């Protein structure tokens, strides 16, 4: 159980991939044996990421299933949507364990995928095999028999950890949920676009994909599962002039007379024993920097008697808990290890 | 009508005051005759604000009503809450016109002021005299007979310009309004605090004063006036790591089957002839940088059939339209001038 | 002399071009009659630059010399290096006045151009015709007989305005000049590159093109001209995580026992009557934000007796004084107008 | 040798102190037994630093030497200048090991201290006892017999690691050294000042304390020691709109015909076996983000044949290698442990 495993990372030159490297380098039971990139195979990874100079001297491997099979036990696919749908099945067929960080295996409905992602969904058999790895909620489904994890999206992670206990409590009107979400720019990845161009983003705050973000069906799928009835939400995404961090400010109408203390107590019980969710004391709300560089999801509450609504504020580091960190957490669960192994990063402040 | 008037600015060493200087320097009919600061009187203003070096060589005057009376026709009081309540009546009694940028004269209810500002309200007679200067809505109340303007708050300006047409249209459920507001740091002023300390704010996004911001009663007072019935709102304020800009993302449930086109057409008619409100084309939403340094308020819409809600996104530069710019606009109206005089600043981009 | 002229801007969808629009909209004697872009001709300019929504309703024109000739008297070519070398001669031949913002006509030596720009230089005849428009130094060469201005680069403007008086004073050792330059990211333009990608630049400070920047020969050409002897400099460029602003920190060994007061007095005399150069008082140095959005170049000094060196700090807004603002200043000189016409922008602070 | 030691941190509510907590939490042989603050003793540390919520539940202890003695073996004094001069001697007298992060024990000359720090120096006996802990240079002086370390300043660390090999090589003219230094804002600490106020710093680049920074004598003391002859430098400090990171761009005239390859080879040999100094390949230079959150100092070179100068670019994270990280490195050396123990943080990128 404590033996080392060998990990390969496909998409090592994206932000999710390079963060997996940072995290796995500190993992006591994992050895990174292959860093893989389709676009720059053959070059040392430190050429494109000089912060890894002297830390990783490896050259990037090409995407070659047999080569991966020979070098690794588990593969993280930090690949763009569409690419994972192709490569993950091949890796699984080759007998590898796979943790996919893309959106390709998160939606059970192939129709929903096609509608929101504007492309064909992955094959049904593999969709059926994938376990949705929202660790604090579905962690009990992940064990040594599971070979394939679909790692949740960044917005869904922050939204769902903030909302699922409320949804299950019965204290909120399920038809009233509105999520106002804000993300740092790293969520858009390393691919070039005017929307991530420094001079366009700096000293600017903007909304994008209003009501159209592909994370909406992922959120609604989980909320509906937990509620036992279809839930739709109004979900707005905004871009914040910062690199890392997501805040979801969620609103719902109370069905019952509940206080902030009630919510805090309920959430603390709900997340008891889960080290990465931290419930904030009454009257305080988490800021994104307070989880920066760490795997925490922090949650705070405000109840307004005037309007009979609860405001739930949840924050994560989108690159860690919203991607690479939760992927490592899922690896831990998959291997039967403590879920926090190698993830004891204190947030970097300031 | 075209003669110059002489203007004094109390609070010239705050961000609102120094922005008034920038704007009034370009105004064809205004001469700044006194820059006033209680704290640093006697020093050249360019000592504390070197960007004014060679532009304004004046020394700061003390707060002295007789001196002001001798030098000015109109006074902008860009002073902290509580200070304006003291000084504005004295200036009015001395026969000066006053445009107050503080919150001291915005609420008609002295009880509401005390509850939200945690201090005693100004005297009733002066509250009665103040005209609430939300220019595009109440501009017709401002004319040459008006001596005292209470300039709206930054959040209320963005929120109200975004919501009032919808409230008046009857298309939204008045009980359903939620405003998720975000502001740059300059809104907190030049006074030192940990909350405005660079290393605490940079690369950080946070919520503050949730349900407690003193702009809430100001917003609800105007919405209730326009609706003809009491309106309460859920209103959350967030701090964005940038200097200037406010975005209000407002949500409401539709009472009728309306489209984005309907809202755009309605708002364009509503604001016809008001140059500083710009309605964005369907499918686009304004970003804060697109009004940066200017007096514009830009508004965009999203209607979601799935949830039967409208999302209204309104942005301003908090220092201009949310403070100094609207104050100059009010001066123009008060003097019978074109409301845009001296305010034709194109947003600075990038 | 006061009649309006008609201006066209080629490259209206770059940062230099869009800033020309902002400035010229406020110019009392200029009418923008054509905004031109080779890449997006036919689209409204406000589609790509929504901050211009309602301000400019024009569609982008293609690059068509006859069309331009029919619509304009003067053309600003805010085009990439290489493109100007092609288009400017055609415009001149068509009888238009041209102000070129590229580097194509700044170097008299075609060999130097080829060495530093890695491409063929423009034709000699046009190089000969171009007047290098560093306004405060060579403004007397620009008059109504001049048809073609080569607008200086951003780094050269800040460096040369800081160094030329010192070079001419004889107080510094010409062999000792070192310039440590820092620029905001807008200097790299709107073209996409990893070096301008938000997540790579934010919270990062880096050096680039050390000893290799194409502005080095431009600086040395002017310094050598002024010194009457060849001058070489060590020149390092750094990227600052901000959008606008350049600071050049220049070092030189004193040949004589001079104080900060000596430098201040000398520079004030040198730049007497030139409104856009501001000399800072002893013991203070300019920050980039103190000229933000304006056409100023601010300069401060430190003399160190311990090391017998002077440190000269000069700052500009790279998009204004370093590009569009100086271009307008050159237009003013070319037309025989006051050089400051339409450029009385107070720096935006904060 | 591998037994745990107990550590106390005085000044736990400053940025240096809170970073020590982050680092020591990962150290395999150190237990933090007391977090100490004179100003907020009695409050939980997570009240002022919510990122530590659930990680450290301790309340802040007062500064009480006997209490510290009872709880700790080693004390980090992350206290302001002047405070350390008082408290460190008391702690030493009580038999504790002390690592001081202030400037109070870095200068051997009490006169120099008084001149640059504008206050009285610490007592001579303690100055004599302190070992200047620039780990890669003077690490061999630190061993289990040493009780008192004076941890170097942030600027000196970056400057000296970049310059000392060059000074010792004999390849540069010692009279020609100019250091152009740039720092993120966290270097100014958590104390409030207009110079660290967000709206003043954001989108701004400025010089400060030109030729007057108190780190100058510290740098010159070490350079002179290494050169065996007095060395003076021109040293300019600038503030970068970012939280963490220092870059020192150092210039010197070559005394010999040396290439970039020569410097790279020499430096690689000089720092052989020192894991935290990384020499960059020819033609590349380090950016501050590439060491962000880590204990690395990265160094790159440019040699300019035209001017016969070398440019040496060195970067650190000012809070880690420039303060808390180097302090832990010194603890490791002091305890006879591997110098890298607990410091294997990969830089956080992006």
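The chains carry the letters A, B, C and D, assigned in the order they are written, with residues numbered from 1 in each.
Criterion: a residue touches a chain if its C-beta (ideal position, glycine included) is under 8 Å from a C-beta of that chain, and two chains touch if they have at least 3 such contacts.
Here the structure is a predicted model, which is why all the values come from computation and not from measurement.
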Practice task
Spell out the chains that contact chain A while also contacting chain D.
Solution key: B, C
Exercise for the section: Average the CA atoms of each chain to get its centre, and name the chain whose centre is farthest from that of chain D. Expected result: B
Fill in the blank from the handout: Check: interface with higher C-beta contact count, B-D vs A-B, is A-B
Problem - Interchain centroid distance [CA atoms averaged], chain B/chain C, Å - result: 36
Problem - Between chain B and chain D, centroid-to-centroid distance (C-alpha), Å - result: 45
Practice task
Measure off the straight-line distance from the CA centroid of chain A to the CA centroid of chain B, and report it in whole Å.
Solution key: 39
Completion exercise
Two or more other chains are touched by the chain A residues 15, 186, 199-200, 202-203, 241-244, 286-287, 289, 292, 350
Problem - chain A to chain D touching residues, read off their complex - result: 15, 18, 21-22, 25-26, 49-55, 186, 202-203, 243-244, 275, 278, 280, 284, 286-287, 289-294, 298, 319, 344, 346-350
Exercise for the section: Can you check the complex and tell me which residues of chain C touch chain A? Expected result: 15, 185-186, 190, 192-194, 196-203, 241-243
Problem - Complex contacts: residues of chain C adjacent to chain D - result: 178, 180, 182, 184, 199-200, 202-208, 210-211, 232-234, 236, 238, 240-245, 247, 249, 251, 285-289, 292, 300, 302, 304, 306-307, 309, 311, 313, 315, 350
